[in-house]
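Working notes for the structure below.
Each chain gets a letter, A, B, C and D, in the order it is written, and its residues are counted from 1.
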Amino acid sequence: MANLNINIGRLQLKNPVMTASGTFGYGTEYSDFMDLSRIGGIFVKGTTLRERQGNPYPRMAETPSGMLNAVGLQNKGVDYFINHIYPTVKDIDTNIIVNVSGSTVEDYVETAEKLNSLEKIPAIELNISCPNVKEGGMAFGTSCLSAAQVVSSVRRVYKNELIVKLSPNVTDISEIALAVEAEGADSVSLINTLLGMAINIERRKPVLSTITGGLSGPAVKPVALRMVWQVAKAVKIPVIGLGGIMNAADAIEFMLAGASAIQIGTANFIDPTVSIKVVDGINEYLDRHGFQSVTEIIGALEI
Amino acid sequence: MANLNINIGRLQLKNPVMTASGTFGYGTEYSDFMDLSRIGGIFVKGTTLRERQGNPYPRMAETPSGMLNAVGLQNKGVDYFINHIYPTVKDIDTNIIVNVSGSTVEDYVETAEKLNSLEKIPAIELNISCPNVKEGGMAFGTSCLSAAQVVSSVRRVYKNELIVKLSPNVTDISEIALAVEAEGADSVSLINTLLGMAINIERRKPVLSTITGGLSGPAVKPVALRMVWQVAKAVKIPVIGLGGIMNAADAIEFMLAGASAIQIGTANFIDPTVSIKVVDGINEYLDRHGFQSVTEIIGALEI
Amino acid sequence: MKKFILDLKIKENRKLSDQYSLIILTSTEKLPEILPGQFAEVRIDGSSTTFLRRPLSIHYVDYEQNELWLLIQVVGDGTKRLAALKAEDSLNVILPLGNSYTEPETKSAKALLVGGGCGVAPLLYLGAHLKRSGFEVTFLLGARSKRDLLQLCEYERFGTVYTTTEDGTHGEQGFVTQHSLLNGSNFDYIYTCGPTPMMKAVARYAAKTKANCEVSLENTMACGIGACLCCVTDTINGHVCVCTEGPVFNITRLKWQI
Amino acid sequence: MKKFILDLKIKENRKLSDQYSLIILTSTEKLPEILPGQFAEVRIDGSSTTFLRRPLSIHYVDYEQNELWLLIQVVGDGTKRLAALKAEDSLNVILPLGNSYTEPETKSAKALLVGGGCGVAPLLYLGAHLKRSGFEVTFLLGARSKRDLLQLCEYERFGTVYTTTEDGTHGEQGFVTQHSLLNGSNFDYIYTCGPTPMMKAVARYAAKTKANCEVSLENTMACGIGACLCCVTDTINGHVCVCTEGPVFNITRLKWQI
């Protein structure tokens, strides 16, 4: 039994396996199937300053080895989270991390500020793939300038661990990673979904109500892994890798590429217990290869 | 039987189904399996000014619903093509289009110039996903400036139909499309492969000799379709769509999104006769929906 | 209700017609409690084009035989794989999911269960429940043609069965909502499942006759357990998940134009 | 040689051991001409993780019975699906692909066929060819253990069979290249297929004894027909495709350090 503990900055994980925002509810949805305390952390749903109804139906399309979603950040807002959800999740014996989303820099800042005070929320994950409504809807995370802007503003008010989640829909993701590192991000997570589309040819209409949506699942894994490798080479802060992880082998690929921890998203839908299996599989791999600690495989790719 | 004829600028296609560069050899590799004259065109291998050995083995990795390749433009050079290959392909009764690749603007220009004189080559496709060796290896197609530069230079010497093949590894592909349109591209084709990576966890090494490689196949289809839709809205020149097309339904999605024609790549490996089936399937769809001509479905998506 | 991930064993996979199959599943352990209207998320193995699980209604549960029935209509590769499963194969399911149909409040209430196409699936188990609770149950089942009206004898165990077919090969010709039964009788509770246009027509009839009406909605689902928020429908309370707050909705909650 | 895409029918799928299966295929039409050393690209259906075809050597062709044999070693999901195919199932193959082993030029030549693991597959058909052409054939087959030495009687039909096993459960203990046969006899032509380290050792022995030596290379293939250029190996003529200029190479053409 190797040592699976890992630290992401000040965030202490019992193992590097966490679940991705928007794919694991508030964790409680999965408690019938697994012991939530066995994983390193849970990234809860995208949370915004005010309640959002999200996008109209249909919001989902299956694609080859993946899916498109257009949920559109449906959530009841940060105050509801604090008053009604936080009490039900704060005693889960793992890290509960809130994914913070917004439409303006001010939104992010206010939401982060409110979460600052919650004792059992050790970190937030800034989802900078949201459209910046003041800048014509371009996602914050697609330019160094707007990414830096939102991170520096949030950094000023948020004292705990600040994870910035990068958008993959960019020419050079390490450039964005460097920009947010410079503004005080404690770590970065990647990737969010790739922008995709599907068409119903019989009806000659887009499948999703929003025309385009976010692609996730194993289809994106090669792209995600490449980006994690590029970012891990570029920055000094820890990197959390995700995108298409279905099993322990996939998770280990991300760690070898330089991720200190990983998140599992879409795979939860196919096997709600997959995260536990990934913990066990990583442990088995470490033992088989004679590693004492999971830290030994981070970035251990031989080029 | 609907009318499948379509024109891409001055290029006349008997139907919108063509095969993608690097996946169909010079066409002759497939002649045992199908009648090459039944498809609209064949994009032959990436051709460079001088012979290239390509990358070392291993060059390929299977991925979920896709594959990574790192062939690295292995080819015998444009002179060999002109003297030895052109004579064997020029009488195939379909459009033979040469995919032109290079490491410097001069490479592209010289190669295009040489192909200009070949009577039976009605068009070239400029592959601007190649690394620009004079600019630190950034792909030409990842900045408007270098994309425009190579296109304008080639445009000056190349008189026939100039198709520019766009790289999907960018923040905003319509920006690049507009830039090459402005420099005189007659049409654009997209997408080339997405940059990806795979790791062999037992050996702790990248699977590909080049570490990263190009992702193709159905995994990328949602991204390709989204980009075709974005570009078709942005430019006035015709768009050729590709990326993960496996069957007629996929091809029709691209046409509804705005593509005037499509290319089939990786699918040829799984079914060497797939392009013929796509021609037949498009025809069946047009008949079933009462369309007289394939032109009626181009961009016919109802939003 | 506690949800389970179970590997059930196929006891029998009965081809009912060209398009329909009845899968009878069993388990070495006692099947959990399942309510009428609930569904399962079924993992599809060995399909190169199917990635997500597939939601399927619980057609029937026979606790004596420890059997769970699924009624499958083959529409794509996922359901095709299910129809091809053989006895002794195993099937991974997550269940029970979603809410359920609610029983009438007064014991004397007359219940009409209206199903069309594959939408008849949950009504069998619902009919069995209602009958056991002492209600008078009437089924009104519609299909395109006689061969799509499946296992009527099963429904007859729990109530009177009326049918319509579009081609007139069984029962009255036309759609369920055109059946003559609807002119005479008066029902207090109407439960329906099937194509949306049919359910809307049923809802209209219910509204007109002031019957209580519950419909079971379909939706595209990724998780089936309320985690992804992909399966919303618009209600008077805003967007709610069909997989947790449904699939059964009282029509008064929906924003249907009826 | 003309290539074909064929839907062959499984006549029998014989499990030879834990890991190995012998698939006997047949066709309603006469099988095309196939040379020893050639291979097929096989489509894998019903695997959610297998996207590309899989290259498999032609193990044997029996034109009298119109049978084509494939020897499968289960290593991943693709080969697992193949091993699970049942009689009457169909299998889509592209064949014949690649070049072939070349016959010795002099009729008196003594041929040694050295195989290890699944690399024994093409040697059966090669042995049959060589014997038919009048050459003296000797097989030297290596495996980890007795149970991995498959169907030796088939090889015995065409030549003398020597074996080695790593655990000594059959033939001499050790690797093929340690077999005592290699001390005494002298062979003019050595043909080999198996793991690269084994083939390199065989090539070394061949170089030492001045025997002509042909090896069959494995490689990651996408198309199998020379279209994608994914399957290169480095030769004295630069990068060449294993699927068209190979899989069989004379060692003098390779850049192996031997």
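Operating definition for what follows: a contact is a pair of C-beta atoms (placed from the backbone, for glycine too) under 8 Å apart; a residue touches a chain by one contact, two chains touch by 3 or more.
These figures come from a predicted structure and were not determined experimentally.
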{"item": "Labels of chains that are neighbours to subunit A and to subunit C", "value": "none"}
{"item": "Where subunit B and subunit D overlap in contact partners, by chain label", "value": "none"}
{"item": "Most extensive contact between chains (C-beta pair count)", "value": "A-B"}
{"item": "Most remote chain, CA-based centroid, reference being subunit B", "value": "C"}
{"item": "Distance from the mean Cα position of subunit D to that of subunit A, given in whole angstrom", "value": "47"}
{"item": "Centre-to-centre distance between subunit D and subunit C (centres being mean Cα positions), rounded to whole Å", "value": "54"}
{"item": "Gap in Å, rounded to a whole number, between the CA centres of subunit B and subunit A", "value": "34"}
{"item": "Where subunit A touches two or more other chains at once, by residue number", "value": "61, 63-66, 217"}
{"item": "Multi-partner residues of subunit D (at least 2 other chains)", "value": "48, 50-51"}
{"item": "Category of the chain touch graph - line, ring, star, complete, other", "value": "ring"}
{"item": "Every chain pair in contact, whichever chains are involved", "value": "A-B, A-C, B-D, C-D"}
{"item": "Subunit B contact footprint on subunit A (complex, rising order)", "value": "61, 63-66, 68, 142-143, 169-172, 194-199, 201, 203-206, 211-212, 215, 217-223, 225-226, 229, 244, 246, 249, 252-253, 256-257, 285, 297, 300-303"}
{"item": "Touching residues (chain side subunit C, partner subunit D) in the complex", "value": "45-48, 50-51, 81"}
{"item": "Sites on subunit B touched by subunit D in the complex", "value": "22-25, 29-30, 32-33, 45, 53-54, 56-67, 69, 71, 74, 217, 266, 268-273"}
{"item": "Contacting residues of subunit C [partner subunit A, same complex]", "value": "2-5, 43, 49-53, 94, 219-234, 238-239"}
